[in-house]
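Each of the two complexes below includes chain A, the first together with chain B, the second together with chain C.
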Partner chain A sequence: MPVRAAARLRAGARTLAPNAVLLTLSIVMLAALWLTSTVSVAPNRIVPGSAFDVVAAFGVAGALLVSLLLLALAALSLKAERVNYQAMLLLVVLILLLMPFGLMVAGHFLIDPALAQARLGIGAGYWTLLFVLLLCLVELRLRLGLKRLATAALLLGVALVWWLCARLWLDELALVQEFHSRQSAFYAALSQHLVLVASAVGVSLVLGMTLALLMRRFTRVEKVGFALLNFFQTVPSLALFGLLLAPLAWLGANVAFLRDLGVSGIGNTPALIALIAYSLLPIARNTYIALGEVRPDTLEAATAMGMRPAQRFWQVRFPLALPVLLEGVRITTVQAVGLAAVAALIGAGGLGTFIFQGLGQAAMDMVLLGALPIVIMALIMDAGLGALAELTRHGGQA
Partner chain B sequence: MIELSRVSKRFGDTTAVDDISLSIPSGKFCALVGTSGCGKSTMLRMINRLIPHSDGQITLDGEPIESFNPVKLRRRIGYVIQSTGLFPHWSVARNIGLVPRLLKWPTEKVNARVEELMGIFGLPVDEFAHKYPHQLSGGQAQRVGVARALAADPDILLMDEPFGALDPLTREKLQDELLRLQAKLHKTVVFVTHDMDEALKLADHLVVMRDGRIVQQGSPLALLQHPEDAFVESMLGGLERGLKQAALTRVKDHMTSLGSAIPAHSRIPGDFTLRQGLSMMMRDHCDRLTVVDASDVPIGELSLRRLIKEAQTERGVHRAG
Partner chain C sequence: MQASVVSLRPGFALRWLVPLGWAALLALAVFGMQYADGFFRWIAPDARQVIYSRASFLDLLGRHLLVVGVAGAVTIVVGVLAGIGVTRRYGRDFLPLAGQLASIGQTFPPVAVLALAVPVLGFGTLPIIVALMLYGLLPILRNTLAGLQGVDAGTKEAALAMGMTQRQILWRVELPLAAPVILAGIRTSITINIATAALGATVGASNLGDPIISGIVNSNMAYVLQGALLIALLALTVDSLFDLFQQALAKRSAA
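And now, the complex of A and B:
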């Protein structure tokens, strides 16, 4: 009996179950492709465009090609084998790379060259495809055990191809037109956004780490510290901006030194303060946990071998805590990239400006011009800092 | 020479080490044995000032340990713990070279020393130098731990249950290696363990502890022959004591010259322990063994009857004394 049971077990291991996640995602993509609009065409910026389906956008051949690629993906997901996963990864990247060319084809078919203001919008089906493909990438990365660095490089490569296509050939795309008409404003907003995020993360890195070290040292600081940080985290971001308005305006008006620094109720200062307040918790918490996770006997051995406290911290405790600490920086940075968009409301500039202006003018393409770079930035920061955290795990330990 | 005189350690209301006096001459191997929580580890960690003692005095070669800078003191004392305490983010070579680097030895000298130690501990440099601790087996990791402790050639070696987490075979192998090494290096070793067999095998001087106090100390043989009380006797293995004692003496110390009788059929090398001799008698159903030297030439005889008579007279002498 046990022999037969074992044989059954072995047979069971050979017939692999389908990967339900990837199968579902493939079907979702096929459905989105055929059931929702792929692109839209508008005669000018304000008038809502008319939607076109996949056959109208890519032609019969193009529609069939995309469908075939998606069907192949679904077929490959029926067997959860490593070779299949590798093939699926290739397919997903291929589709991602083909997508901007699909827009070119659609532009060629649907845009009348005589209409200078005519523009191509991206439809629900196309967005869904893009989003679900990224989900597929996440699943495949886990299944294949890919290094974060490899995924980051892959994403960066795809982004580069997209950017090149947009620069060179996709002039009909509404997003690109929106970009052309606001090129200098866009770059200014982008750099404002980056400076805001970088300075917020930088300052909270220094403050958060100091706080975590103090909390490790003194139990009383630990309780008060976490209570305070948790409180900040629960205040809605917009409310925090509002709360800072009055005191900062007063300080800016009454304290000469702060006024010279540019402190006022609106603008960069309150935005920076609010971003720091939100960034402190994840950084302080992760640093606190990271420092606590270093095994006490490793630290005792360091002391017993004759390391001075500073040597022990910089050569043993800090490098061992670094991977978890960097995870905190990753979470914080991604969060700050998103939050900085809201800062546009109090005049801090950044990509959020386009989002709120676009919302005000009901120009969705302008909203996208602000939102899309934020999403891409967040994705790249996430992958890059994740890869860095992975690299700092010395000796490949888990 | 390590000397502890009337040393105590209190943690709040509890007394971990209570008025202990102990002297360990240079080059001797001292084992501290006791049940868990008896204060033996605390005692060890007071010697390199990981824990400050509350009362009494600890001296190294006559100098009180407070007179040293604690960091410099620790660099002069090797320290080995059960979990190895190796730095997981450093390679084997870097771990071993830690203390020499802290002492600012020139790089070539550090590298030469690391390679020398890896040779001594049977860790081929090509294979192991660049491995990380998590890639090592328990025995290999503990070898690296001992090598790291010996890197700067300290006079004193403190070991806190170094082989406690290893399987019996590996443990025995590392004990043998340590014995060989100690015969060559003559370090002053303080070795904490709860395994009495390990202590009996390794130590010159045995200290049995209970509830922060020393119950009895002396040479392993002396303790086996005359345990002070029931606790020491049970620590020494109760009924097994006779065999443990036999394991500490050599066959050639108990043999008699070859008589005129026909030599016994079973042969035993004179370097074997008395315990092995007794075991051989049980196996071969005999009460006499022919003792041979390294080249298998008979040099004497081991007789069970004589052994018992010898033990009886010794006991009589002890009673009379």
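And now, the complex of A and C:
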């Protein structure tokens, strides 16, 4: 029996057993579509909207169309064949492409054109559908063995269609309205966020690598260094920001030289210091491990070939350590994207500003305007730096 | 006397010393904060009131621990069970997706998860608990998977050959061998949750994040410092306890 199960797993595509994962996901989507609210309509940005189900949102024909597409997905998942997986991939992409048009239809049915302030909110069912469709995409990618690049291109295409729809026709959508009303603030926050993340990662890359080199050379530095970095990593971000506020406020107020540099309790300086403190551990640890993984006989061979120590480091040790080091940069960057959002609390700006202002005003569209780009940014950084690490790994092996 | 204990069982007293030390500092901060009026007056000379008093620090600590504790308990049970489920024969189909999900989920910033939970779940303590559960699940799931998949296939085969049932193999071979990795996942999950719960103060949950948030809003550095001190000490206490567990576990499996 275990042998057969293993064989089925290996063959995967060729047996006629159903794919339980995609079947389950299809049923979840159908249930979410019919049992939870699809969209909501609010007269303005503060009043909570009233919810509408799928028939009210898409009309009978639209609701049937979506249900049929999902049923087709479920039917295709009954046979785990490669052809079926390909058909399911097409279906999933088709549904993803149709989704913004669904919102247009809902806007047409439910929004009174006389009410200029009225806005369309996305309901739980719609979010669930979107999320589960992305899960289907992940599963299909694994089953079909799609390349990272192909999936990225696919998602980029879908995102382009979504963006075009939002740009041209989806003016009623609450998120789009929120974006329009604070467009310049959004771009400013986005660039602030990116600058904060980039400078924190950049500075800690230099500091962390130096620290790792020192720790490799002196054992005493290693112990103290890791203890200190672990300590910072353990202290919650909000607390670290708070603990930095008081001393920096004092320094900014009492030391003229630092005040001229822009040091103060609130703002960029404490945020940057805290972000660097958090970023140091993953970078220093990965550099330390990466340098240690280079085999001693490789280094010996380099010396025997007549390389000087500097040459040996830059031409042998560093390139071999690069993939693990980049892994550290990836972890650090993704972490910094999230922490920079918290930094908005102490006035560092960035996309977190929208989150906390929105929470303060109970304006959920504003919260989304801050949170969604942060999530997307983190995912892009993760994928991009992950691909880069993979690339250097292949280069190193060849 | 202290010296004799150390020399009798080297390392033992010293190891307990760290968590006990942090816990003692935490207790001192919780109960002694109100007597440090003079110090906080120096920090925030312009503030009308320098000791946070909307709730007692013990209350805030209790609520913080409650939120993290409830979320943690549910996550540990669900995460470990899910990890076991997808590595059994009946759940194998879900293994690749679960693995991918656990690693993609790590990319989601906790703040964003918290913020996205509010429109769906509303303000208050319950949404925080749900958000913490969703987020804390992934490190535990990931490490359970890594731990169970890291068990050598030959070891499992040997257990099977000895006549063990699948259930016995799980309880006596796989879980004990995977325990250190699973515990590391639980440690990560709880550490993140202590930090994220503090952010819950921005969505209407009252806990140790409260003094920080209201201190920032009213620019009262003394409040900020009080909240920050307590959260930091709580995190360090819990983390050092986990460190102790992990060492004990490593020692037991080495023996």
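In this text, the second predicted complex is superposed on the first by the 315 of 398 C-alpha atoms of A that agree within 3 Å, B and C clash if a C-alpha of one lies under 4 Å from a C-alpha of the other, contacts with A are read in each partner's own complex, and residues count from 1 in each chain.
In the analysis below, a contact is a pair of C-beta atoms (placed from the backbone, for glycine too) under 8 Å apart; a residue touches a chain by one contact, two chains touch by 3 or more.
The structure displayed is predicted, hence computed values, not measured ones.
Colleague: Return fit or clash for chain B versus chain C, each positioned on chain A through the superposition.
Modeller: These partners fit in the superposed model.
Colleague: Identify the partner contact of A:D297: answer first if only chain B is touched, second if only chain C is, both if each is, neither if none is.
Modeller: The answer is first: A:D297 touches chain B but not chain C.
Colleague: Given the overlay on chain A, how many degrees, to the nearest 10, lie between chain B and chain C at the CA centre of chain A?
Modeller: 90
Colleague: In the superposed arrangement, does A:M305 touch chain B (first), chain C (second), both or neither?
Modeller: A:M305: touches chain B, not chain C.
Colleague: Tell me the contact category for A:V337 with respect to chain B and chain C: first, second, both or neither.
Modeller: Once the two structures are laid over each other on A, A:V337 reaches chain C alone.
Colleague: On the A-aligned overlay, A:L245 touches which partner chain: chain B = first, chain C = second, or both, or neither?
Modeller: second
Colleague: Considering only the touch criterion stated at the top, classify A:N268 as touching first (chain B), second (chain C), both, or neither.
Modeller: Neither chain B nor chain C is touched by A:N268.
Colleague: Applying the touch criterion given at the start, work out whether A:L320 contacts chain B, chain C, both or neither, answering first, second, both or neither.
Modeller: Once the two structures are laid over each other on A, A:L320 reaches chain B alone.
Colleague: For the three-chain arrangement built by superposition, which of chain B and chain C touches the greater number of chain A residues?
Modeller: On the superposition, C touches more of the residues of chain A.
Colleague: Between chain B (first) and chain C (second), which, if any, makes contact with A:A124: first, second, both or neither?
Modeller: second
Colleague: Smallest separation in Å between any Cα of chain B and any Cα of chain C in the superposed model?
Modeller: 25
Colleague: Of all residues in chain B, which touch chain A in the complex?
Modeller: Touch list, chain B to chain A: 48, 50, 71-75, 79, 81, 83-91, 98-99, 102, 132-135, 148.
Colleague: Within the complex, which stretch of chain C touches chain A?
Modeller: 43, 89, 92-94, 96-97, 100-101, 104, 106-112, 115-116, 118-120, 123, 191, 194-195, 198-199, 202-203, 209, 212-213, 215-216, 219, 221, 224-225, 227-229, 231-232, 235-236, 239
Colleague: Can you check the complex and tell me which residues of chain A touch chain B?
Modeller: 295, 297-298, 300-308, 311, 316, 319-320, 394-397
Colleague: Which residues, counting only chain A, touch chain C once they are in their complex?
Modeller: Residues of chain A touching chain C: 2, 5, 9, 19-21, 124, 127, 135, 138-139, 142-143, 231, 234-243, 245-246, 249, 265-266, 334, 337-339, 341-342, 345-346, 352, 355-356, 358-360, 362, 364, 367-368, 370-372, 374-375, 378-379, 382.
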